[in-house]
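Shared chain: chain A. Partners: chain B in the first complex, chain C in the second.
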Partner chain A sequence: MDAAGKEVLKVLTEILERKNNAGVYRGWLKFWNRNWERWLYAMHRITGVGVGIYLVAHIWETSYSATAFLDVSNGGSPVVWTNLMSFLSNEFFHTGLLLVALASVFHALNGVRLIFAEQGLMIGKVKPPTFPMIPSSLKGGQRYFGIAIVIISFILLVYAFYQLFIIGLGW
Partner chain B sequence: MGNEDHSHFSGGLTLTENDHGSEQSALSESTGNEQSTVKLRVFRYKNLPKDDTSAPSTSFDTFQVPISNGTTLLDALIYVKEKLDPTLTFRYSCRMGICGSCGVNANGKEKLACKTQVKDLGENIEVRPLNNLSLIRDLTVDFKPFIEKNVKVKPYLVRNDVDVDGGFNREFRQTPDELNQYLMFANCLMCGLCYSACPTNATDELYLGPQALARAYRYIADSRDGGQLERIEIVDQEHAAWSCHFAGSCSDVCPKGVDPAFAIQQLKALALRKQGLLKRKKPSPLVERPRESVNPV
Partner chain C sequence: MRQSRLMLLQYLTGLGILALGSLHFALLSFAGGGYSNAIQFASVLSVYTTFGVLFELFLVFLTWHIFYGFRRVLCELHQGRRYESTVTWAMVIIGGATFLWGTRTILIFLGVLH
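Then we have the complex of A and B:
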């Protein structure tokens, strides 16, 4: 790197230092010493990105085989689809589907929790400040709903495992 | 003091680490309590002149600090400043959780240094400045944007039906129940802990932040206020109430039990489906008699 590049890097570093924003890592993902809702917040982001990536891959995979299926000049047979499905039917890809199932259920149910909270529901009621001053929003019904969401997600994960591995792969 | 440099890499910034002497002191001379020592790893920042390339502007310094029962994090920082390194810079004033000046990030969580017992933090304590506010020096951050955002939500009673300027000497009626609707939010110290803990503030500089939004709700919930529709217009925006995703960390770290997460969700509910209720709301009337202690102009 030449002198001008180093100078630009130094100025940018100084701006970042001075701004002191926590950023994605310290702000979004460093949640292990935080409250339960912050865990759900981080998981909601992670599962959202994961399901989003899966959707793009899924649309590409389906459109790829559908195009081949509809291409009459190439036979128009379901062979491409069948080949693709047999390629994807193994422990590696089914583990991925298992994670997608977990992420989808969690993300959807947690979205419902957030919709309720944004309507002012399940976050307790305003109260005068009395010791020990535990915020009502962090001990309201939404907290128990959040715990229930995690439990339901893992119960449905067991069902997805049964479908994907016991039925799908014949374990 | 033996200095030992180690290279670190944290958050994209190159940091250095200096280890300061472990000399014991007479901190507990007057207390007579059982004494132990903690390792205080403190973030340092110097706003160097542009032509000064002698040292990096950020680093961590480690100090051995003797503590006893009742030693607060602020006591430990003052000990460092008085005995080990007088250049260490941090804010404090009242030392009893009233002024909200001594907010820091201790072991990854925002705390008021004067209200935090060192023994609750373990033997190794990392102290950083509050996040999401520009650094000035060491643990001192610039509160200017924080204050400006607070001012944006009109943090005062708005009355268009009464002239409250000049020699105004009357009070508005308010029942105890009406007082309890906002009293908790009126306890805000403006210490900035919620602003630092908020994950939205971490990546969105335009976001008003939990403090300003809770302050907006405090006045909207006040029966004496008549400016609720003006404030709803301010908070019903992308970089205001709707950027909150209910992580709840603001309420979790608040040293005075204020619940900004609750306030922001209420603001969303008001913006969505209760604006008609706000339009019909009449601010509370004046009392019949003027206050005797105030002389009308």
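Then we have the complex of A and C:
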């Protein structure tokens, strides 16, 4: 390999080994002034981390409630269960559940969109780049799918509100 | 295991969560006779004894998906062989403990643990 080739290889190696120093704030959280898909990407991360943290809390909560079901062949302890449910049945915890429902539905539907995108489905026809250099992958079904996901998430949020607040809390 | 295989598992567990999570939400709402009825002692016991195995499968999918997701997010924030290894093992240990703790709950509901 000649000197020029070695120089090219050196530059390429440096690029490949470059670290991601953007971090949370300047990296994946900075979605304003970017396109719709970038916004969906940031929301996917935020909802994923949020629901993940909720799962750990939910497992702790259910492990506590499970004590009501010890010795269930002799009837268990319905009082322990009822007391826990009474403690959790209020506006504060139900608002939390509402946010978890919204985050879960959005994350799940957007996950399906990402699987489709990875498989090359609904990403628009590949074309040579021409002015104004908008990638064809950002047109077509993917864009509409992304919009539909947000609309469906908020429709299901209304249903979750009905279940948690109207039926659950008797508003 | 190759990263592409791990990512494939992430997609498959995601689809599994979509199916079982829909069942979980349905059982807590319309299929359970409304939220108030679904969280009654007898209703919860009935659901767990009927769908206990599916809940265990749900827990497997969730633990993998969430802790592999955490690993990916953390590995994007900072790079380095030692850092990546530390994050991987931390996720394996915390994820494993979460899975075992959740399994204990399901076994109590199923009457296997007294």
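Rule of thumb we're sticking to: the second predicted complex is superposed on the first by the 143 of 171 C-alpha atoms of A that agree within 3 Å, B and C clash if a C-alpha of one lies under 4 Å from a C-alpha of the other, contacts with A are read in each partner's own complex, and residues count from 1 in each chain.
In this text, contacts are C-beta pairs under 8 Å (C-beta built on N, C-alpha and C of every residue); 3 or more make two chains touch, one makes a residue touch a chain.
Predicted model only: the values in this text are computed from it and were never measured.
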{"item": "Contacts of A:I147 with chain B and chain C, given as first, second, both or neither", "value": "neither"}
{"item": "Touching partner for A:L9 - first (chain B), second (chain C), both, neither", "value": "neither"}
{"item": "Touched partner set for A:P128, first chain B, second chain C, both or neither", "value": "first"}
{"item": "Contacts of A:Q163 with chain B and chain C, given as first, second, both or neither", "value": "second"}
{"item": "First (chain B), second (chain C), both or neither touched by A:I155", "value": "neither"}
{"item": "Touched partner set for A:A57, first chain B, second chain C, both or neither", "value": "neither"}
{"item": "Chain B versus chain C as contact partner of A:G23, first or second or both or neither", "value": "both"}
{"item": "Contacts of A:V49 with chain B and chain C, given as first, second, both or neither", "value": "second"}
{"item": "Chain A residues contacted in one complex by chain B, in the other by chain C", "value": "19-20, 23-24, 27-28, 118"}
{"item": "Residue numbers on chain C that touch chain A, as the complex places them", "value": "11, 14-15, 17-18, 21, 25, 28-29, 34-36, 39, 41, 44-45, 48, 62, 66-67, 69-70, 73, 76-79, 98, 101-102, 104-105, 108-109, 111, 113-114"}
{"item": "For the chain A and chain C complex, residues of the former touching the latter", "value": "19-20, 23-24, 27-28, 45, 48-49, 51-52, 55-56, 59-60, 62-63, 66-73, 76, 78, 81-82, 85, 101, 104, 108, 111-112, 115, 118, 159-160, 163-164, 167-168, 170"}
{"item": "Touch list for chain B against partner chain A, complex", "value": "11-14, 45, 47, 57-58, 107-109, 129, 131-135, 141, 180-184, 187, 196-197, 199, 201-203, 205, 221, 245-249, 251-252, 254, 256-259, 261-262, 265-266, 268-269, 272-273"}
{"item": "Complex contacts: residues of chain A adjacent to chain B", "value": "13-14, 16-28, 30, 33-38, 41, 44, 114, 117-120, 123-124, 126-129, 132-138, 142"}
